[in-house]
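Chain naming follows the written order as A, B, C and D, and within any one chain the residues start at number 1.
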Amino acid sequence: MEVVVGGNKRARRSYGFDEVALVPGPLVVDARDVDVSWTLGDKRFEIPILAAALDGAVNPLMAIEMSKLGGLAVMNLDGLQARYDDAEAVLQSIADAPQEGVVGFIQRLYAERPVQPELIRKRIREIKDAGAVAAVSATPLTAERAAEAAVEAGVDVFVVQSTVGTVRFESSQVPEFPVAEFCKNAPVPVIVGNTVGYQATIELMEAGAAAILVGVGPGHICTSRKVLGIGVPQVTATADCAAARDEYHEKTGRYVPIITDGGIRNGGDIAKAIAAGADAVMLGSTIAAAQEAPAPGFSWGMATSSADLPRGTRIRVGVSGSLKEILFGPAHRDDGTMNLVGALRLSMSSLGARDIREMQQAEMMVAPSLPSEGKSLQRAQGVG
Amino acid sequence: MEVVVGGNKRARRSYGFDEVALVPGPLVVDARDVDVSWTLGDKRFEIPILAAALDGAVNPLMAIEMSKLGGLAVMNLDGLQARYDDAEAVLQSIADAPQEGVVGFIQRLYAERPVQPELIRKRIREIKDAGAVAAVSATPLTAERAAEAAVEAGVDVFVVQSTVGTVRFESSQVPEFPVAEFCKNAPVPVIVGNTVGYQATIELMEAGAAAILVGVGPGHICTSRKVLGIGVPQVTATADCAAARDEYHEKTGRYVPIITDGGIRNGGDIAKAIAAGADAVMLGSTIAAAQEAPAPGFSWGMATSSADLPRGTRIRVGVSGSLKEILFGPAHRDDGTMNLVGALRLSMSSLGARDIREMQQAEMMVAPSLPSEGKSLQRAQGVG
Amino acid sequence: MEVVVGGNKRARRSYGFDEVALVPGPLVVDARDVDVSWTLGDKRFEIPILAAALDGAVNPLMAIEMSKLGGLAVMNLDGLQARYDDAEAVLQSIADAPQEGVVGFIQRLYAERPVQPELIRKRIREIKDAGAVAAVSATPLTAERAAEAAVEAGVDVFVVQSTVGTVRFESSQVPEFPVAEFCKNAPVPVIVGNTVGYQATIELMEAGAAAILVGVGPGHICTSRKVLGIGVPQVTATADCAAARDEYHEKTGRYVPIITDGGIRNGGDIAKAIAAGADAVMLGSTIAAAQEAPAPGFSWGMATSSADLPRGTRIRVGVSGSLKEILFGPAHRDDGTMNLVGALRLSMSSLGARDIREMQQAEMMVAPSLPSEGKSLQRAQGVG
Amino acid sequence: MEVVVGGNKRARRSYGFDEVALVPGPLVVDARDVDVSWTLGDKRFEIPILAAALDGAVNPLMAIEMSKLGGLAVMNLDGLQARYDDAEAVLQSIADAPQEGVVGFIQRLYAERPVQPELIRKRIREIKDAGAVAAVSATPLTAERAAEAAVEAGVDVFVVQSTVGTVRFESSQVPEFPVAEFCKNAPVPVIVGNTVGYQATIELMEAGAAAILVGVGPGHICTSRKVLGIGVPQVTATADCAAARDEYHEKTGRYVPIITDGGIRNGGDIAKAIAAGADAVMLGSTIAAAQEAPAPGFSWGMATSSADLPRGTRIRVGVSGSLKEILFGPAHRDDGTMNLVGALRLSMSSLGARDIREMQQAEMMVAPSLPSEGKSLQRAQGVG
């Protein structure tokens, strides 16, 4: 679906969550028979939901809770947990700070203290001691040093994550991060991201990534689009990467899960991400809105602390309920932000999909959200 | 009109009411000569409008009034009328409840009392005693037991309705609802829904449905889309099912009417639904806004009472006039929510359509509602 | 550009003013050399602007003023001017009435007094006595009787106008209005409308119409779309009818001007209507906002007075300046509602179009108005 | 991508900044290795940003500052700097004027004093004496006289700019401006504009333009579209002109840079303009919001002073920081209006583009901004 935008410049039409909808067919399956589990390396997870490596979303407590509930939380090894012994007090001070000047306040907190390997080890042990799965993330710049401490402490999953994560990086200043070597040497599965596009995904799979994080500036109106002009809507990004996964799988026999990361706001978006080809999804604000979250009611991105080009601020996400309620209900909101797993099961049931792989084949329609609709659609809630 | 949304994922472009408009041709017919009747089994209805099985829309009084005016109201056999002897008092208590906590209040009212077969019989007899046509609805889970009582009481039309109603249902827990057997054994016409899509519609017709309810999460921005990701815009859904009806009709000689259910807000939407292929439409909030409605000024969906995944709340629909004014005018509003039949006649007149079957052939254009227009379009009201 | 909206239902994509923009080429002409005149029958008009037959837009005074300035105002022979001797007082009373209940107030004023032939004659003579061109309108139902009085009084142009004006009208109740006979017998040019579509336009031209009014429910979000589901965006409607005009012209040698009527809000829309193929445009609210307008600051459509299906109300249009300022400037607003002729000249100049026929060939792009743009486009005002 | 808008009228689909997004590929380059310089004639500029010839954006001080920072500011020779000796006081009086009546106030200030050649010389010498590059602009009407003074004072770059600037101009009143002769005789590079479209661009290049300003009414909802109906979205306009540049380059060996002028609001738009084919961009309001700007916090277009058809007013642009902060950061806003060069470098880095020519090949997607998205896309700020 390529168009000419002008002259010789061509562009593909891309699609975000709000432009598509899922379509039932002639078969419905019982929601109780729906299997939403997925597998990363040799680990099976009961629910296809990961918590993103944001300081406002994941601390050891949240990692333990997510693991108990069948999901996976990723802790950020470049964040406050690895910089401050008493991270919880620092997180609370961010939640308590006035909005005015909060970006500068956050910038200072991250700049003042370096990452400390002993804190990395301590946090991971807190998670492991509770019998939970420990997953952590670092950037290509910090991954090698962080991995050393993390592996020593018994980490289960390692994530290497940057805005645009590729195998190929050219620089006259620093050596290229050796993705393939890192994956090969790591004694645990390495998830790499974020990426978009068929070719970049194939290269990451060939380099040995255990799973791929999909999503670069996915929102239609997000900071990356305003600041950098960059952003691929998530339905297109996910379907592109899923095509790479399927072809790589067919060729090599190795199945590399695709994790859609970014832009997901509700149960409907989770269902659409999987129908677009994802094996699991990564959530940030939705998790940061749990009662158990590190800085209750608030979240901020890692790019907030960037000294010269901050892309983000502290946002109020509110507190919607316990993590268990957010994942399994009961929902006391009807906006799709609670009972995410229940919603996914019901969606899959209605679409006749018994597991994630079948859900990836669900029928999709292009059905744009129009601004003028939705006001008096109360009847839509009628006979459900 | 299939597009590639990414990778190998394809999607059809779909259309809702706000994206299309009807187009006059070279013939106008006198509105007084327009016939808007339709037929269900051996019953002829003067107007192609059904009232939806919502507790806030249909009680015995409304059923009687709709029948007198030539339409058909469907009473919900899983609702308050079948649970409470003094249902009107309970309905009034919902209308009177403060918004805060109203979902929990409604949930309790539905949970506290089971459906009672003697109340089913009583409600239907109230309708029949007034000489009106009695139509009732149940879900696949409750249909068989409810039908027994309903038939005994002399019901005229039975509706089996669920979010996604299909012939095929797979479960390790409960037996499949036997659609074909139920339709065959029922001594009255059985309407089945809700459905979308050619294949599901064909299967329901082959199973013996007397009419099909079309519509699954039809709104562009509705709860089903947010919670489940599911939703088919109604123009596309209706046209798909109408194609199935026409082919089935040609093959078997049996004509199974298509009833568009959900997302209809005004006379324009009714005209578009029929032009898309519907034989009749089902309305909820518009009917709940009648003076005679069970809980004047309010409506709520059945999914509001879902314990773990409520998809809806009590909404204020206001009171726009008597049912007669809503259907036949005079209108004292210009938003298209009153004199629906008058508007449909005038629309058909302008399009040169003498009856519903001709209206199904009306020319349609894709003509999106743009947010920036409509502000100063007063002239559009000019020379009408 | 036909799409399948579902099943076997097809629909053309249509376009309104806000979705297109005009594109300069390699030639600019001096605005002073631009000729914006057009011809109706044997009458030449200096500017391609007509005032619509709304009681809030045209009284004899306005007709005289428009004629002096080179345009043409159409007076409504079914309106207050033909019902009340002291129409100005009645108009003032509408302007003074509180908004609450104004529709009923207007309905009564139109219902209480019948149209009086002697008032028709009086109004036309007022216009003719001032040396101005007199144009009047009636509906098919009232045209024959009104025309008798109008012709007697020396009218110059007669307009037969209804929501959908076609040659063919089928009725068991009333005889068809004989368009061809009426045009043939009238001693003056007869403009007929409103119409859309190639075939309907061809038939009206063959019936002898001197010009065609184009536009049925043209707004994207207008009352006709909400109430009737009917509405054709004006760029598409104009281009369709212009194609009929050009083919009819080629075949018969008779050139029948196309007048775009409805949905025009500013100078940009006028330019686009002509670029889509129009020979002239008809304006309502924009003219009703003149200081000289009959009910300064207000307008209302004829359908407002419909007893059972009112489609409109009294709207506040404000007072933007004298008619001369609205047409020729100077503008003291930058929203494109003043100096309409100056704007059209500058637009044609920039597009290299020396006259209306060349402007009809101007290059057009599909360039949707996006809600998110336009906020900080101040630079667009920069180097003009 | 031509569509039929109706009848025989065809139109190309065009694209603006908000409808496209840039797409990373499998290569990332180090931002420190990115080269954003461009060349005009024999002059190399370190950053591809020009300040527009608005009185609210450029005075000699700003020209000096821009030059020091590697960019180029264009001073308007028809503006206040060339009319008033104490221009700074006049500019301050505009900033201080109440909004009510400000258009008339500005109109009088421009009308009261003619352009004075000695002031032209004085301003340019102020810039040259500071060792900066001096660029000035005039319209075709004033260019010849202004150029004489400017060249005498040692100007480095001359800009001839009008709303639609073409080689061909037909007039019965005034002689055509001899573009080719002017370019040939000028001892300095002459930038010409504004233009859109392949053919017009080719003709300007053949006439000897040293660079082309691209952009005519580029905003989707801008005054030119409302008043004149004219406006080409900038992505399409830029790509069209870039195609002309590349073909002309291939044929003649002369490379004529394309400068996208208008509608650019943030770093993302700059990246998109270059990815569409531009060599540099021209900014107005963004520069007028610098602390050093002539009328701090305000801007107004030249068309504001038009006596009969004002297209613009004085707008409040605010003060976002020093020019250096706007261009090179640090940003203390996350809306993409600060650290524009840093953002461009990071964007190019993420897209694997080492220089402007490579950035012109960046992959682009059509990815519309939807009104319903962007609310809860905080996660998009997450892992950047």
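As a working rule, a residue touches a chain if its C-beta (ideal position, glycine included) is under 8 Å from a C-beta of that chain, and two chains touch if they have at least 3 such contacts.
The structure presented is a predicted model; accordingly, all values stated were derived computationally and were not measured.
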Fit chain C onto chain D over the CA trace and report the rotation angle, somewhere between 0 and 180 degrees, nearest 5.
90
Taking all residue numbers used at the chain A/chain B interface, answer same if over half belong to both copies and different if under half do.
different
Chain located farthest away, centre of chain D as origin (C-alpha)
B
When the C-alpha atoms of chain A and chain B are each averaged to a single point, how far apart are the two points in Å?
39
Once you find the CA centre of chain B and the CA centre of chain D, what distance in Å lies between them?
55
Could you list which residues of chain B touch at least two other chains?
13-14, 221, 236, 368-369, 371-372
So in the complex, which bits of chain D are touching chain A?
1, 13-15, 20-30, 32-33, 198, 235-244, 246, 266-272, 275-277, 329-332, 334-336, 339, 342-343, 346-347, 350-352, 354, 363-374, 376-384
Show which residues of chain B lie in contact with chain A when the two form their complex.
3-14, 16-19, 52-54, 103-104, 161-164, 166-174, 194-197, 199-200, 203, 216-233, 236, 261-265, 283-285, 299-304, 306-313, 315, 317, 368-369, 371
